[in-house]
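The following pair of complexes shares a single chain, chain A, combined with chain B in the former and chain C in the latter.
Up next, the complex of A and B:
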């Protein structure tokens, strides 16, 4: 049996790795910190919710067609749990939708702006505008989805002859119970999140370091003008990087509601942890982003848990922890963990 | 529209114009003149509001107890804050002198606290590139809000806190008098900034924005300028926060969010014309009138908008800012070349 705090750390660091990896990759290409990154991942969370809603409705309809009474109906609804197909579906859709939004953000907003000679500050405010846009879209979607759920429930009620309630919320929702597995004795997410993160890391490093495409992508990041003289389509490579990064964000986001409370503005707080992880990793190194993600997760969960239980700090101050880590990183190792010269450090310690 | 309603409409426009003029004019010094991406503008406003909620009623109570000789008895100052404030208000309504004294002390205290907080918040990243500084300021603003929300003595936590009414002596003209004072202060701030930024100081800021290396080669310490600007800017925003809190009569940490006090000021600045104070005034005017009109006629709009009108605002603003960046990044009134006395003298010499 794994203690809950370890589970929490594993899941949180896997999610954070996927998110900070993407943020770092987009930063490396366009040199703009994307403030909309976390909100795009919340789009993935709503994909999961939508998959849940649709499956619940079809389940309910089937149950009512076979003329279940209210007791057995609610037992069926309560015992609903995600099947492997559901996981595959919402992760794939989350990835797809995330990458679509990423490409749109790059192609429709950031690229035209930088072609017009916008400076970094202007590009940053543009990403905040995109964040705001998506935030309002998510809110509108949450309203519409709730309307849909209510109307479907009413429709089903008239078929059933009793009041049907699907027990779905579209704000402040957590899908823990649909992910719980009796055989595991815990959530499936505890297995899925680290496995997904590890697989995607292996796949990404394979693509980046073992394929021609990866070489072209890295070349466009390192030296765009040289890469383009060698026949690399830099714009295509950047588009690919944005698609990949925000795809990862969407995928990570699709897993978030399985363990954490989500509402449309969850991204606004999440973004701080992601930035902290990326900055701790140096903002310019993918390996650094991974290390940063793990470290921030450790600071936020086990370390902070220790502090709050031994020093009596209220758990509400958890948000401050990643920011403290970020501030200390900027003060003492502004190039992040990846920028440290480890050999020199070790030799100094040995002496 | 009846006269009274029109009057209150006008009053609310003037109020928001006054408050936002103070915020945006200081943002313009930071971002428009110096190119310093202050994405934590709400930090200053929140600092001012929290200073007011923490400090003003305590001072007022102290004065009340000393001057009237009837000390206010209480056991839990956070929970009984409404009772205490209403007793203070009764006493203050008959003493305009003390009210104005308290107003002055509150404003000075907010300026001081704002300057200190701006300095501390920007310290970790003040030597780094502007994107790091932007991320840090955004994050630090969130820290201030989290602390204000969770540490009860500052702003009463989730319940918020009442603030002594320092304009009550005006009786039925309370709102007109307070708006008059706010507009007067905004005017003073505007004139001070206009004057300050047309000195060599303002020209150095623009030069830093345009070419940091050239400026530092001429012996100007860029970090020192950044520190000075961010402290002054945050202090000025704190002034607005204090005035906002005093006008509305209460402070709650959730009211100081990233959208209202960071994003909107940015939109106003970019709309009017970054780096041009007259343009900023125009931007504030256009924005406030448009928003107040939308807000007032919300119910009428509801028939035409297929979703909750609250989100219309967000959508319009995010689209507006991207449109401004694409089509007219210099704003309605672009920055003008600097007017100096020197060329005139040189002309006289040559003739």
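Up next, the complex of A and C:
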């Protein structure tokens, strides 16, 4: 049995790694901190909810066609849990939708603006606008999805002859119960999140360091004009980086509702931690983003837990942790953990 | 080969080139000289689509390339060795060389890699090293090796000998002559070291404050008492 606090830390750091990795990669290409990053990942959360809704509806319909009575119907609905295919489906769709939005944000907003000579501050404000736009879209979608669920439930009720309630909410939802595994004795997410994070990290480093495309992407990040004179389509490389980064965000977001309460505005909760992780990692290093993600997760969960149980600090103050981490990093190690001279540091510690 | 007509270009609102018209003949070495800040680098960058063009035309082998993006220009057979930031510091020497052959097929890249390394055998020792760990001279060698990898029809060099020891600088100029004679490549060479460059040149242009003030044979530039004294550091007794 893994203690819950360790489970928590594992899942949270896996999600943070995927998110801060993408934020760092987009920052390295366009040099703009993308404030819409977290909300785009919440789009992935709604993908998972949609997959759940559709699965529940088709399950209910099948049950009613085979003449289930009210009791066995609700037993069946309550016992529904995600199958491997569901996980594959919502992670893949989350990735796809996230990357589509990322490409649209780069191509339709950031690139045209920077071609017209917008500076970093203006671009940054544009990403806030994208965030607000997506937030409203998610709110609209949450309403529409609820309408859909209600109308389907009514339709099913008339077939069933009793009141059908699918037990789905489109705000303040958490899908914990659909992810529980009896054999594990806990959530499957505890396995899935770290395995996904690790696999994607390996895949990403393979692409970046072992393929021609990856080398061209790194070259385009370091010196775009030189890369372009060598025949690299830098714009295509940046588009790819945005697709990849927000794909990862969408994928991470598809896992979020399995453990955390989700709302259209949940991104605003995560955005602090993601930025803290990326800044702690130095904003210019993917390895740094990974280390930053793990560190922030450890500060926010076990360290904060210790503080709150021993010093009685209210859990409401948890958001202070990423803010503090950002402030301290910018004050004392502005280039993040990736910018530290580790050799020198170690030799100083040994002495 | 390459023709520049009435070119006005610069950076944002800062115009650097004024009505520049020049012709670079095929299989010849054309040298562009001029004092610091006269717009020589800007001219090369403009040909490669890296600056803002206000008006004018750039024609390469009868194709109008004036507003093409750099990667398209690269694929048409033009190579360019920038004056600064001409290697990727965070990439290894090998990755740098492979990037230089980005448009080549795999077999071609391997072959060109081998032959350009023969030119600078020292680089073979550093293949896995990051370019930022190289010395200034080694870096310039890498940059030149990179520009040699592609077999372009036109090559533009921006002060390739600036950071090099005289012996190596001479070697580099010899290799540029070899590119013309053995591979038939058309060359545009921007040089501060004007005398040595003019010795190997077929054609010379003098750029001052973004304007062409001489365009003709190197011999005529060297013998022009006024221009020679002002821009080549040649005293009249030498002429």
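By our rule, the second predicted complex is superposed on the first by the 351 of 351 C-alpha atoms of A that agree within 3 Å, B and C clash if a C-alpha of one lies under 4 Å from a C-alpha of the other, contacts with A are read in each partner's own complex, and residues count from 1 in each chain.
Simple rule for what comes next: a contact is a pair of C-beta atoms (placed from the backbone, for glycine too) under 8 Å apart; a residue touches a chain by one contact, two chains touch by 3 or more.
Just so it is clear, the structure is predicted and the values come from calculations on it, not from any experiment.
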Touching partner for A:272 - first (chain B), second (chain C), both, neither: first
Partner chain(s) touched by A:223 [first = chain B, second = chain C, both, neither]: second
Chain B versus chain C as contact partner of A:212, first or second or both or neither: second
A:231 touches, of chain B and chain C: first, second, both or neither? second
More chain A residues in contact [chain B versus chain C]: B
Which of chain B and chain C A:130 touches, first, second, both or neither: first
Residues of chain B defined as touching chain A within the complex: 31, 35, 37, 39, 123-125, 127-128, 130-132, 134-136, 138-140, 142-143, 146-147, 149-150, 258-259, 263, 266, 270, 307-308, 310-311, 314-315, 317-319, 321-322, 325-326, 329
Residues of chain C defined as touching chain A within the complex: 12, 48-50, 69-71, 73-75, 79-80, 82, 85-91, 95, 98-100, 102-103, 146, 150
Residues of chain A that touch chain C when the two form their complex: 117, 212, 215-216, 218-219, 222-223, 225-235
Chain B partner contacts - residues on chain A that touch it in the complex: 31-33, 35, 109, 112-113, 116, 118-122, 124-126, 128-130, 132-133, 135-137, 139-140, 143-144, 268-269, 272, 275-276, 279, 283, 314, 316-317, 319-320, 323, 326-328, 330-331, 334
